[in-house]
Amino acid sequence: MLVSIQNIREIPKKVASTNRQYLAVGIFAMLMLTIPLGAGVYPNTVMVEVGFYSIVTMGLILVMGFAGQISLGHAALFGCGAYVSGILTTQYHFSPWLALFLAAVFTGGVAAIVGRAMFRMHGLILAGVTLALNLVFFHLISSLSDLTGGAMGMMNIPPLSLGGFTSQNLLFNYYLLWIIAILLLMFSLNLANSRVGRALRSLNAYAGGSEDAAQVLGVNIMKYKVWVFVLSAVYASIAGSIYAHYTRIIEPGTFMLQFSALVALMAIIGGRSSPWGAFLGAGLIVGIRQLLQEFIPALVGGPSGSYELIAYGIILVVALLFLPQGLFPIVQKAMPKKKAIMS
Amino acid sequence: MDFSVALQIFLSGLNLGCIYAALGLGFFVIYSVTRVLNLAQGEFVMLGGMLTVSFYTMGIPLFSSILLSVVITALAGAGLYRFIIYPARKSSGMTKVFLTLGCAFIIEGIALRVWGWEFRSLPAFFNTSSIHLWEATIFGQTPWVIGITLLMVIGLFFFFGHTIQGKAMRACADEPLGARMMGISIERMALFSFVLAAGLGAIVGALITPLTMTSYSMGLPLTAKGVLAAFVGGITRVEGVILGGLVYGMIEAITAGVIPGGYHSVIALAILVSVLLYRRRGILLTAGKG
Amino acid sequence: MKVNLAGMKSVAVPKKERRSGAVDAPLLEVRNVSMAFGVLTVLNGVSFSVPVGNILVMIGPNGAGKSTLLKLISGLLPLQEGEVWFRQKRLNRIAPHRIASLGITQLFQDIQLFSNMSVIENVMVGCHLRAKADFMSSGLRLPRARVDEQSVLATAMSQLSLVGLEQKAWANPGSLSWGQQKLVGLARALATGSELLLLDEPYSGLLTVEVDKLNQLILELQRQGITTLIVEHLTDILMGIANQVIVLDHGEKIAEGTPAEVQHNKRVIDAYLGSEQMADEGS
């Protein structure tokens, strides 16, 4: 049966959609990279925060939104990157850039070992195990106080530097972070539209995939689950390392359950079906936090933190009840396009 | 190791074990009826503690305070089901888990607003500060913990294992179609399970406040530990959850007594996670169709 | 393995070359397989062998263990007792995805299409083993990955054309009728290039015209050298295309032979006496 001419015309459609993705990334990159030059210190600081969250969330979207595995433990991975970078640079005087690389390798390795064991389980029990990972990490860091500074934290972490600029400089951090974020976005988008992306989606029992069907078609489900988890660990570790050099002080309290829950929230609200959702989710949550911190103390009493928590909770509930796919599909529909394929 | 130290560890382990078992039971109740993992369970415990403290400091007698806080928390549980879980009943398991997480955030936020950052505490029930038993010293609260947990455990064990009501509830998750055909209202069973779990959580909260003070943020760590304890034993059976809790408590007590420094928490958790990873469905439900 | 666009006429391309010396040896051998779930014995000492290119139909009343047997062959259930041999190699507790890479795939009774991707992407998952793009090469969009992707898309399109659904390539699986979904599932299974197809009750829910089409497809596949093992409990339709029939009842093989032989076998008639009603109503 020969392929009709009509079909041959349809095949390039897939290539076209990839080109359109790149166009979108390009526009986004131009935006993100030129805005800070005009904006002041405060917005840029906020954008740096969004950058950190976006990178971690992007990895989490690949794990939860594509492969459909619940992970509530990414704070530990983020923290692992931060602490390994911190230890290597303060105690062993490695170059921060080398430390960043080594931290990513280390965190990825830990994720591989834990993942191999973890993914022999299915379903909700993963939520429990990943929650417990947060606790293990927290206690581990607090106990190894010689290495990590314990509960007091680690201080005087040297900054990153490149060509005369250091991470003392806000713009330096901004550009470093966002260039990496955009590169990772491209990587993630490429992955999503590839054989790997399809294999991952076929595993997602929550969204319509089927592990049995995937297996009889030859998909090695264990390998893909572990590898996507390792990838997300590397994303989180990179963000964590940059964070350590940015704030130059890290303490265990930053990397607790709340952080894991928060990035999971961002992944879900932003839209699990696409890496773009990471920016939407992170942007929204950080934006709300800023708004609340600005206005709440003036209007009503009580710590603004409490209103943040309530707001996050309400948004998560509302999003899941009315927009189960998150914000991204809405944005996607608003864009001019010929045909909507899984992006 | 001499007898008094061993006894101390044993009693401490029993104390912790009962707490973890009671925590796990809250997860069990909801999971066995609805297959939902309630990440807000720790918040129910926190609410139980905080509300009891508030009422007690207002002058209300201790047990009435506890009762009041249980009722209010149970109402919160009902609200969680009716307004958040029930509307999403057709959604996936992942969605429901995150809905409970959203609820946990809301409760935590409200708690922070109402009670602030401070830690609150209660005196041990009937003001027994410590008891000397043979050669060990234990907190005065411990007999209460063990006693009430025992009551809960026995009650739930019989209820879910041996009464028609209990079996009907478990059927809701195992065989929903069959349950409906028998005229069982799954929605009412589910609502009841949330109310029961919330109430149990509140009792646990009141029980542990004299031992470890409560604060607005203790919900999530308790949830994490409770889930771990529940899954380690095997979450679909009462005996499994109880066993898991006791094992967790014992391991923590033993490592605290034996291993110097602050490493005991890590080791305990690591052991637990390893048990879980090795016995994927929990100790009592071994691999295979469970 | 690149697919020649011009040669897309012959679409079902088995991945492995058949060894010339092994033409007479059976493709699949099931030896004394038993399976029990707790106290319930589902299969009891079932043995048979399937020559290359056969269409084997396994029939029997519901609960006879047929679906379980398919899952044991494809690896979704672990073997307890007995052996399964494929191309003279023993399949010894191998993971399903590795069994798939050896040349066996399965189409489920409830199809289990991936509803989180389009029809053509479903079929492209079937091509998973034909490509090699992994995380790094896909993420970086290396040329090798791009070429793989193009050829996978082309292969998938051709499979979809084979079942006549190329118009629906970009549709959502949920928008298709049951019969169309079945065909997509078949296309997806064929995309793997497997030599042995395990079809679990493929005819359930199909309209008469769809049943005919499926029969034609299976015969066409036989012409291309693909061996098919079909499990069904509707009997009359299949007798037309089967070379080999096996009858299971309560987990035991009670008859084997050509359709004609089996139809007149007394044990088979007895076994079906109780289920005759169901078999008739089912078609």
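Note that the chains take the letters A, B and C in the order they are written out, and that residue 1 is the start of every chain.
Definition applied: contacts are C-beta pairs under 8 Å (C-beta built on N, C-alpha and C of every residue); 3 or more make two chains touch, one makes a residue touch a chain.
Remember, it's a predicted structure, so these values are computed and weren't measured experimentally.
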Touch-based graph of the chains, sorted into line, ring, star, complete or other: line
Chain closest to the middle, measuring from C-alpha centroids that were averaged per chain: A
Separation of subunit B from subunit C, taking each centre as the mean of its C-alpha atoms, in whole Å: 48
Whole-Å gap between the CA centroids of subunit A and subunit B: 31
Distance between the centres, which are taken as Cα means, of subunit C and subunit A, whole angstrom: 40
Sequence positions of subunit C contacting 2 or more other chains: none
For subunit A, residues that touch 2 or more chains besides their own: 207
List of subunit A residues in touch with subunit C within their complex: 1-4, 7, 10-11, 13-14, 187-188, 190-191, 194-199, 201-202, 204, 207-210, 212-222, 227, 231, 273, 339, 341-342
Touching residues on subunit B, where the partner in the complex is subunit A: 35, 37, 39, 84, 87-88, 91-95, 97-99, 101-113, 116-117, 217, 220-221, 223-225, 227-228, 230-231, 235, 261-263, 265-266, 269-270, 272-273, 276-277, 280
Residues of subunit A defined as touching subunit B within the complex: 64, 68, 70, 117-118, 120-121, 123-125, 127-129, 131-136, 139-140, 142-143, 145, 206-207, 256-258, 261, 264-265, 268, 302-303, 305-317, 320-321, 324
Subunit C to subunit A touching residues, read off their complex: 5, 8-9, 11, 74-76, 95-101, 105-106, 108, 112-118, 121, 124-126, 128-129, 131, 133-135, 138-141, 145, 148-150, 152-154, 157-158, 161-162, 166, 169-170, 188-189, 192
